[in-house]
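Take a look at the structure set out below.
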Amino acid sequence: MMSEQHSATLLMSCPDQKGLVAAIANFLMTYNANILHADQHQDAGENLFLMRVEWDLDGFTLPMESFAAAFQPIADEHRMDWNVSLSSRKPRMAIFVSKYEHCLVDLLHRWRIGELGCDIPLVISNHEDCRRLVEFNGIPFHVVPVTRDNKAEAEAEQFRLLEEAGIDFVVLARYMQVLSADFVRRYPNRVINIHHSFLPAFDGAKPYHRAHARGVKLIGATSHYVTQDLDEGPIIEQEVARISHRDAVDALIEKGRDLEKVVLSRAVRWHVDNRVLSYCNKTVVFD
Amino acid sequence: MMSEQHSATLLMSCPDQKGLVAAIANFLMTYNANILHADQHQDAGENLFLMRVEWDLDGFTLPMESFAAAFQPIADEHRMDWNVSLSSRKPRMAIFVSKYEHCLVDLLHRWRIGELGCDIPLVISNHEDCRRLVEFNGIPFHVVPVTRDNKAEAEAEQFRLLEEAGIDFVVLARYMQVLSADFVRRYPNRVINIHHSFLPAFDGAKPYHRAHARGVKLIGATSHYVTQDLDEGPIIEQEVARISHRDAVDALIEKGRDLEKVVLSRAVRWHVDNRVLSYCNKTVVFD
Amino acid sequence: MMSEQHSATLLMSCPDQKGLVAAIANFLMTYNANILHADQHQDAGENLFLMRVEWDLDGFTLPMESFAAAFQPIADEHRMDWNVSLSSRKPRMAIFVSKYEHCLVDLLHRWRIGELGCDIPLVISNHEDCRRLVEFNGIPFHVVPVTRDNKAEAEAEQFRLLEEAGIDFVVLARYMQVLSADFVRRYPNRVINIHHSFLPAFDGAKPYHRAHARGVKLIGATSHYVTQDLDEGPIIEQEVARISHRDAVDALIEKGRDLEKVVLSRAVRWHVDNRVLSYCNKTVVFD
Amino acid sequence: MMSEQHSATLLMSCPDQKGLVAAIANFLMTYNANILHADQHQDAGENLFLMRVEWDLDGFTLPMESFAAAFQPIADEHRMDWNVSLSSRKPRMAIFVSKYEHCLVDLLHRWRIGELGCDIPLVISNHEDCRRLVEFNGIPFHVVPVTRDNKAEAEAEQFRLLEEAGIDFVVLARYMQVLSADFVRRYPNRVINIHHSFLPAFDGAKPYHRAHARGVKLIGATSHYVTQDLDEGPIIEQEVARISHRDAVDALIEKGRDLEKVVLSRAVRWHVDNRVLSYCNKTVVFD
């Protein structure tokens, strides 16, 4: 649920040590914060502490423009990676799509009824097919054709559109092109993909066909941050559905669509709500 | 997982207000606590704050025998209900069973391989059937027959056995007798029952027969704390399984057994690990 | 998956007796049928035999206009209730909706991409809200306002629209009005509703609020044929989702939307594919 | 459910063609069979027809010792692979186990209460650990130590024990040794293994450790027939459970135990009930 009230959310990670919860709680208390949610995680193997804390800005006596200056000494002392986001500033999401529209329809509907607390300044596609649907939702639709030969130019054009629109993160809603390492590097942990299998099973092409050939009894879908290694980025969410010998490949594709929609939309939601921290090629999804 | 290390766990609830996390974190920091896990919950509707915090006793400078005296001023200031438990002191569980042995078998096996961090000083039954199984596990087995006429005497005998064995909580592993209000009052939030339906559907007798008659497509099981109102206590855990028109009542009973085992054992596990707080006839199960 | 080929589907039920499978298989063989799917069910308690058989019309030597005359003697001999449907004749579905659009969006999208093998000649609502969405999909949208006082007239108008459009069955996609017994009687087993709880738990009003108050650990949704008894008709499909103490009522409503969409669309799909037989206030959903 | 009545079950597969259902139904009708269940499957890609049919032997006028002679002409005509089994003749199962006892405990309990309609003439292990448990259940327990150097002798001894006991099929209940190709060849589709991952993900060693390292959000278990290719045999059943970043490897192992028990016991049950047909390295599990 989107908080009605204005709130701030701090995401941080640092080497594990005593007193971290108290240090952050005290800092916030000094300025009269009302903590709405707090969740933390220790990874003993990596000796890492990770935390998410959200507090009400109503009554918070530290102006947010001074937050960084006030907090940095504590962050330095504990060697924290951190960022803070404000509920009043919606993140700006771009959607990339090709021809399959089910994930796009799903995301746009969730956005329209307020499930996703982000702005969608544009949708980019390598095909015309989804224009009518996108424009019905009042969102600008840009076609950037991609061929074998124009990949670099196409990405340059995509990047220009993203920059111009002030995009924070990109969602690949069954976008059937592989992004270059260069593109991915510009958006670290900020490109979310949906892969139509239960990773690491059936990474790469035609996962439903291969699932059918292998005779699995469940199919899956996986949302993950895109890294330079195809289908190997940090997993955000996964889900499966039961199939049987009666289900031909077409039935897997159809049942899979429902998985893809749910798994991608959860990842987008959690990312928008600043619930996801990535480390060691894994994610923590805070409650 | 049972912590290898010695730890203490504080469970508390109080009216919600600013500064609670900081107050507790600071108290623990004063004595050099290493917090292992912390989880909190606010119920806005009830204006209630609930928290579970577990810390390592290695290096903790406050002797646990002095904990209450040291903590009580903070508890008083914030009107906390609280209790603290030590991993070094295993809770003592009694199991009540009748003739169906599947939940008993499951609990005893989990206990034997270390999944349940409790002692089991005795099993009580109104029938002889499970004696061999219980004694195979090295646990004393007591038969207390229950008839229409001897209910009060039977409960007196059960209570005597529980007292003598220093029992902390009771698990009804498909025990087919209803406990008296008097008995239940003696163990508030300390009697766990498994009901073989997805409550509140099909409370009372013969839930699988009624589920079959209604034509539901999923069956369920529910573990809950026993209160004086039959099948209406705070729910700890629920799970469901898919059925079809092919499943006659016998098949529901059989599929239900697997649900009952899993749902009861999770409740016992969470109770043993001090993860469950009950309020307003609901439970919070802390992570 | 819609069969590409033209096929016929027979749904039948009759008192159980020997030789039913052979009788039907032989009848179809006489006319050189290629059976694509066959599934049967015996309800021993009710002494009932139910069967669904689908065969390819390519090479079938009995013209379908003569089917009834040819088959009736066998049906009479075994006292069968039966009907046959042709894949070439798509059933005509009307959707009733109020203001919540999630089920409507979902059904329209599935229909657009070919998941639902039906026609949708019209959508009827008691509010204007969904007009733009429906018309975007090229479907006529009719507003029939319903007040306390005009219920009979409103239903008369709805019925006129349905008759005029040659509607076979009606889907209530979160339509917030109770249909009269008279209306329901006109469409026996041909009005499909989605109820936002795991029936029989929380039938009637505000199920998510009541689920929250009861502290259940799973929420559900149920699709069923509408009968004169509110929320008591034959259940077609149910599904549940896990919730926790963190989920306020708003979160239940939101998670519930995903259940409602899936559970309603499955029921519609199975109904369209002639997979559902209703008896004794239950359903058989054939594979 | 085990049928109380005496029944026979025919499992068959053959090239798909018209009239197969009628041919079998007529054959059975000729001898006055009362068909209890029938289920069939067509694999269009492989042009294969597979069927399972179970009929009541009460009133069946063909003595079962004459079945093969009577049925073979039909089988020849349609080039059927087929076998028939009698409910009065329980299949004989051997269990192989090492030290982990959870699957063994589960199978033995299900067997004791009648869920599994088989005999268990013996349990074989490479360790002494499970002796007491097995003998508590009244089953002979044989230790056949396996070392690097004695593998061939050990298998010879195992094979001798299996032959002597008239074993029909073998269940590897977390047996930590790889069987030789020679051993496997002797029991085609008659050795059932449980692998503790969602195959094909994490085949081979230490799947829980690798699942943890990859950061998956669900773990799984897979039961399959053993072939000469490790973890690549026909999959019978799979199931998954949700995990989170809070679950260390130990927690995965623990949650996995519940999956392994359920997934293995379903496979054993279906095999015992003659529900599983294997083809093209896949299985059909008939309803």
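Letters are used for the chains, namely A, B, C and D, taken in the order the chains are written, and counting of residues starts over at 1 for each.
By definition in this document, a contact is a pair of C-beta atoms (placed from the backbone, for glycine too) under 8 Å apart; a residue touches a chain by one contact, two chains touch by 3 or more.
Being a predicted model, the structure only gives us computed values, none of them experimental.
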Would you mind working out whether chain A and chain B touch using mostly the same residue numbers, over half shared, or mostly different ones?
same
Counting only C-alpha atoms to place each centre, which chain is farthest from chain A?
D
Distance between chain A and chain B based on Cα centroids, please, to the nearest Å.
37
Dist(centroid_CA(chain A), centroid_CA(chain D)) in Å evaluates to 42
Could you tell me which residues belong to chain B and also touch two or more other chains?
244, 246, 248, 287
Chain C residues touching chain A - in the complex, by the definition given at the top:
1, 101-102, 105, 109, 113, 115, 136, 244, 246, 248, 250-251, 254, 258, 262, 287
Give the list of chain C residues in touch with chain D in this complex.
18-19, 21-22, 25-26, 28-29, 32-40, 42, 287
Spell out the residues on chain D that touch chain A in their complex, using ranges where they run on.
41, 43-45, 198-202, 214-218, 220, 234-240, 244-246, 248, 280-285
